[in-house]
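Both complexes below contain chain A, partnered by chain B and then by chain C.
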Partner chain A sequence: MTQLIVKNGFVYDPLNRIDGEKMDLAINDGKIVGKVDEKKAKVIDASGMIVMPGGVDIHCHIAGAEVNTGRLLRPEDHFRDVEAKTAITRSGVGYSIPSTFTTGYRYARMGYTTIMNPSMPPLEARHTHEELNDTPMVDKASYPLLGDWWFVLEDLRDGMIKECAAHVAWIMVATKGYAIKIVNPGGLEAWGFGQNVRNIDDTVPRFNITPKEIIRGLCKVNKLLHMPHTIHVHTNNLGKAGNYATALDTMKCVENLASDDKPVIHITHCQFSAYKGSNWRTLRSGAEEIAKYVNHHRHVTLDLGQVVFTDTTTMTADGPFQYGLYQLTGNKWVNHDVETETSSGIVPFRYRRKSYVHATQWSIGLELGLLVEDPWRIYLTTDHPNAAPFITYPRIISWLMSRNARDITMKRINKRARHKSLLPSIEREYSFYEIAIVTRAGQAKSLSLTQKGHLGIGADADIAIYNINPELVDPSRKYKAVRKAFENSAYTIKNGEIVAKDGKIVKSVRGKTFWVNPQLSSPIEVADDMKRRFREYWTVEYENYSIPESFLAASAPISVKAEV
Partner chain B sequence: MPVVSHVTCPVCGSFCDDIEVIVKNNVITDVRNACAVGAAKFLDYANHRNAKPLVRKNGELVEASWDEAVRKSAEILIDATYPLLYGWSSTSCEAIRVGLELAEEVGGVIDNTSTICHGPSILSIQDVGIASCTLGQLRHRADLIFYWGCNPWSAHPRHVERYTTFSNGRFQKSTWRAHVSRLGGILSKKRLRRAINLVLGRDVFATPEISRELPYNMFQKKRKMVVVDVRKTHSAEAADYFLQVEPNKDYELLQAFRMLIADEELDVDHVAGVPVETLNEIADVMIGCKLGVIFFGLGLTMTEGKIRNIDAAISLVRDLNQRTKFLIMPMRGHFNVAGANVVFTWQTGYPFAVDFSQGYPQYNPGETSVIDILCREEADAGLVIASDPVAHFPKKAAQNLVKNPLIVIDPQTTPTSLMADVVFPSTFVGIETEGTAYRMDHVPLPLKKIVEPPSNCLSDVEILQRILHEVRRIRSKRK
Partner chain C sequence: MITLYPKRLFKAPLDAQCITPDIFAEKPVSKIAELQIWEGNQKRTLDQLFKIEYNAKNQSEEMTIRILGDVRKARRIGAKMSTGKIIIDGDTGMHLGEEMQGGTIVVAGSAGSWTGCMMKKGIIQIKGDAGDYIGAAYRGSTRGMNGGEIVIQGNAGNEVGCFMRNGLIRIDGNVGQFVGIHMRNGTIIVQGNSEGRTGAQMSGGKIVVCGHTPSILPTFTVDSIKSKVKVNGEIVKGPFYKFVGDLAEDGNGKLFVSQIQNPHLKFYEKYLE
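On to the complex of A and B.
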């Protein structure tokens, strides 16, 4: 196995409190080690460059039924963005919904090495994993959608938390999932008959349970199972004016489930849930209120869902939301309801600078990023591809790091949005250290991926080296240089091997798939109970639902000891 | 006797996964739960097998070694400037993945059977989208089911009982019992007859006509089934309502429904041969249902209007969603044609008709689709897998396909394999080889291995991988 030394770089490793220190990293057998034989090792000269752990993305839709239908829906998205085959890489297409190989290569070029695919319909999990098997370069995992699953609704309605935990554990293993994903809880079940829920205290039709009870119940289940991540929540009323109140209610409703200082809920793509006002015309930012709450409560983490002005494709499990978006835009619309479990929808979308609403959305994301004080609890995402494709991250990094960059964009957005934006009043500019937190360290911590997001001894040797000198470049003024540096890493090292260099893929590697294997006290009983009800719930057999571990090209199970 | 349970049926797009297969000494002796078509596949698959690799020499197909057949195939593909790789809908996703890699490697065009069945549906989806679901959603909730231009009774025999009208769901009970009593047991007799026919191996679908008064109690509170077709099929006989549309007039009928849904009046007496009175009634039922669905088949995609028909059907469903919940789904034929689209799409961005000649995926159906390429006589070699284009393509396309060097991978002898230059005897996926396939609603399920394949057959995956490796080996040597 190759030995590597990364020499003389400015290292940003926040989990080990290393802030731009000039130091060397030794790599052996895919891991960071204390020392290697200098004569045998290959040396990478990183002088004048930034060295960070490989990027970690906590929420981006890169694989599975919904993503793939998005690809199918949008040939026009691909025509102008193609990647030809090389001796090392497969061909593919972009733009907002790249083909699987291209997705892996593009992340690797940006120095990202671990990707979380946040929206897996359990019944179609096999599809997700087939695509992940074809997504090279990165380690990955998926979150099964469980907030509207009939077993969850029934168990929680009947107050059977332990049974619910057992069922959730079963489906984690059956689908090879990593975290509990909740999307518009109760709303997706209602959408089965074209309905929705209005707030977290509304009753889910036909099930006599409220979204609040679902969120709280699954939060308790999450704790019982000792899941590595918190519940991962896409709030009710997403994308609607006035929904910041729903977001606050959602965070508040699990406040008393938090003990010690640990987060118990992650509100994903929070920008989409931070709107004041009563309709699109009166839309205003709710970022201040949300940031204030988060600054005072340690049980919440967020990711941004930052909008970038471009043509993209929206796709969520939130069927009713997507239908609303279709009605709003008149664009083409895909709906896909999944029996017993969830729904989904897709609508192409263009964010325009001159639109009041879109410009306000853009501002809200950055306001959240800048007003939430603790970078360990807010992460950089675009909810790829919902608010923008992931290749726009470097641009967002430059906005976070530079007031100038923000001002320049500000000048070109809708006037009314500009006047209402809170951004001009915000001085804050991120440091490279903080960027390292919101793009890798914080996300790895939130996911409890202990080998990721840092460069301490024993960590996976997933490393990104960016060609920018923090001693010479002031990111506030030279934001374009920052952007450029983060667009194409000088080196991306995956598992101890150089896989990308100066924006070119030099080696194709597979990457593992993580999944959580909760150890229950009596797993057999669960299976019997599931088996009995299986044919009533689904149109497939129990035996054909579960995905065997061998189906994953590189399976990386994480065992957790459950309290049930 | 060993019973293999929960087997998926590698025949039609219903892709039933509850089949039980009885195996004795590596021979399938009985099949339970399958329909006649499915059962026939399991029981008769072993006939007309390709036994050995064949290579054409001096005009004759003669037995050859695997190495020779693989080398010959690789040479054919390398020497071609624009080879076609066609079929894919009746093999596993695992094989399709390798096929795509091979097509990319040789800079060819890869296309699947959608190109001659639901291609227009896909183009229409790319135009306007689609509101759809998995089949269980309909089992649990649908109270109004349309079969438009398709005949599930013969093409997807268990579709109705497993997923729609006769299935039992959480919010919708089966109308099976009511139906049986209503028809005075005719239907159960039909089923009995089917079973008898199956055993005797006679024509299973020769059932007697049922004469019924129409329109039929449409306002009863229960699941309703509507069949729209140009002729009275067996499915039509089982329906609550049958609309006999004049040939090639589906578009008019769909547009009429759209107008009625929008509360407009029609000032004619008939549309497409159907009385407007009837249309009014049905439109009301559509608006009044809790969840409706339209299944559509080749009667809509391959008749005059094609894309326009599907656009109208999808638009009708979109309109209906302003009044109630309504969904639509193409009735996919082959058990893995949906999977072919799925794998093509995740690797290349496009569901069929993908051209790699520029080194990256290009897609322009009408130009990069296999029939069009053949009709323009642009291809100079072909690889056909698990498909029989000679029997199904238009004459000119078929002629041009066999004119060029042709490689066929198939478990059975077909008109296409008889015309080939290289023939690979493959195993039956879903019987002799495992894999993955996608049901018509895109639910992925495992294909099982039930019996050992004949010793001289290889799986599609292995055959394609061998060819791919050989192509790379020869290329690196020539460089």
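On to the complex of A and C.
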């Protein structure tokens, strides 16, 4: 392995409390080390540039059956955004749902090196991992959808938390998953029969359990298993006016499960769960209430789900929400019931500046980002591709860093939305240090990826270098320069190798797939009853259901010691 | 004027999107000869495939490109053009005038499918026949022809004006099935016969069929009998049955079908009493 030295860069490494200090980094064998032989090592001159850990994305739909169906649904999304083959990279297409290889290349060009695919129906795990195997340049992981699994619902209804934990441990190993994902808990099970749940105290039909019990139950399971991430929750009533109350209820219901200051719940794409009002006409921002709660309670983390005005494709496991979106837009749509596990839906969508609702959504995302005081508990995402494709991150960074940038966009949005927006009253502008937190350090911390998101000795040598000088450039005024710098990294280093330079891929590498391997006190046993039910209810037999480790191109299991 | 003579009969498809007045106008002749063009999987220059003749005397104000010969394998001629004129004395291939924004294309022979797809402005005139998806949207998209005019003096294929949003398509001959499918606005007039399923899923716009059509879709309702129809300022004499639809889409599209050519539609008249 080559040795590298990154010289004279302004290093932003929030996990080690380094804020723009001019220093050198030494890399040996894919890890950050204290010192290397300067004569042998290759030197990267980063003077006048920003050096950050490689980006970490906690929530982006990049692989799996649903994403692939989205690709099939949208030829018109691809034909204007074509990438030709080069000597190093494969050909591919964008825009909102790029092909697997292009996804990897585009993330690497922006300096991202670790990404999390947040919604994997356990039944579709094999397909998801096949696509992840073909997503180069980045390390990745997937969260299996568990909030509507029949066995989970039954165990939680009967109060069998330990049995449920053993079952979840089995799923994590069987599907090679990383965290517990909960989407519209209870609602998706009901949607299989054309129904939904209205709030977290509504009973799920046929199961005699409430969404609150599911969230609390899985939160306890998560703690018993000592999972690296918290439960990852897409709230009930997502995308409906007045749902900020549901989001607050969801956060409150696990308040007493928190101990020693650690988060126990992650509310994902929170912008979609922060609406006040009773219908689309009276929609208002609930960002203030949510931010206030989060500022006073340390057990919650959020990610933004920031809307950018563009043409994109919405895809979630929330079938009833997607059906509502189809009715609203009249666009083409896909809706699918994944047997006893979950549901899903896809609808193409265009966010327009001049639409009151879309402009308000845009404003809510930024309000959340700016009103939540602790950057360690709010992360920059667009819920790719739901609110915008991931390639718009640099634009969001410029909005967060510059009031001017916000004002200029503000002038062009719907008038009524502009008058109601809270943004003009918010002075806050992110610093580069805070940007490093919301785009990498905070996310890595939340995922407990100890090797990622920082540049301390022993960390993986995943580094992004951006060509912008924090001493000379005022990001508030020169927001366009900031945006340009973050669009194409000067260098992206993955595992100690330079993979992208000045926006061009110079080397194609394969990333690892992380998964959690919980160590129970007794080996995981699968009851005969469950095997029988697999035969009766699933299209895939129990014997074929588990994915062997050899199926992953580069498997990286993370062992955790469970309390069960 | 620049005249292009094909040097041979092309067997593999040509990606000829460089043949537009916009690109030619900004280059000297020597540079035009070097324009890149794909023939099948081979990269070629324009002068490897065409003899290029530059006639300065006839150079009027606007750029004119004349193609003399058979270019039925050439795709995307005149793509995105915004000015000038292309005259093709022969047949041409698919995607002629794709996303056109202005200017004129005249074809003496026949044109392929997707002629004028996604066009915004300008005029395309085909003296022979044309293929399917005239003035249509890209696959999967809902943004079809949004302005301009397409005139086809021969026959056209299926799904003419798919997802059309504005503009005029005039067909002097016969058309295939699904004329004006998913149409949102604009006008289509067919002088000859239509094979049926006209206006499926249309939500607005106007379709006039002067010839025979086997049947009207059940999601259209008869509105009245009109003695004449106005198309782009001109009056077309009828009488016509006027239908409104597609009601399955809550649509308000207008479909005019000749009364004289379609005696089998007489049973609709009882709903008008």
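Everything below uses one rule, namely that the second predicted complex is superposed on the first by the 555 of 564 C-alpha atoms of A that agree within 3 Å, B and C clash if a C-alpha of one lies under 4 Å from a C-alpha of the other, contacts with A are read in each partner's own complex, and residues count from 1 in each chain.
As a working rule, contacts are C-beta pairs under 8 Å (C-beta built on N, C-alpha and C of every residue); 3 or more make two chains touch, one makes a residue touch a chain.
This is a predicted model, so every value here is computed, not measured.
A.B. asks: Determine, under the contact definition given at the top, whether A:V93 touches first (chain B), second (chain C), both, or neither.
C.D. replies: first
A.B. asks: What's your read, chain B or chain C touching more residues of chain A?
C.D. replies: On the superposition, B touches more of the residues of chain A.
A.B. asks: Between chain B (first) and chain C (second), which does A:D158 come into contact with in this model arrangement: first, second, both, or neither?
C.D. replies: neither
A.B. asks: For A:E130, select first, second, both or neither according to whether it touches chain B, chain C, the two together, or no partner.
C.D. replies: After superposing on A, A:E130 lies in contact with chain B but is clear of chain C.
A.B. asks: Applying the touch criterion given at the start, work out whether A:P75 contacts chain B, chain C, both or neither, answering first, second, both or neither.
C.D. replies: Both chain B and chain C are touched by A:P75.
A.B. asks: So, A:D407: does it touch chain B (first), chain C (second), both, or neither?
C.D. replies: A:D407: touches no partner chain.
A.B. asks: Which chain A residues are contacted by chain C in one complex and by chain B in the other?
C.D. replies: Shared contact residues on chain A: 73-75, 77, 331-332.
A.B. asks: Which of the residues in chain C end up touching chain A in this complex?
C.D. replies: Touch list, chain C to chain A: 137-143.
A.B. asks: For the complex, give me every residue of chain B touching chain A.
C.D. replies: 5-6, 8, 17-18, 93, 97, 101, 104, 122, 125-137, 139-141, 162-163, 170-171, 290-291, 318, 321, 324-325, 327, 341-343, 345-351, 356, 358-363, 436, 438, 442-446
A.B. asks: Going by the contact rule at the top, pick out the chain A residues touching chain B in the complex.
C.D. replies: 63, 65, 68-69, 71-75, 77-78, 82-85, 90-93, 97-101, 123-124, 126-127, 130-131, 134, 150, 192-194, 206, 323, 326, 331-340, 343, 346-347, 536-544
A.B. asks: Along chain A, where are the residues that touch chain C in the complex?
C.D. replies: Interface residues on the chain A side: 73-77, 79, 331-332.
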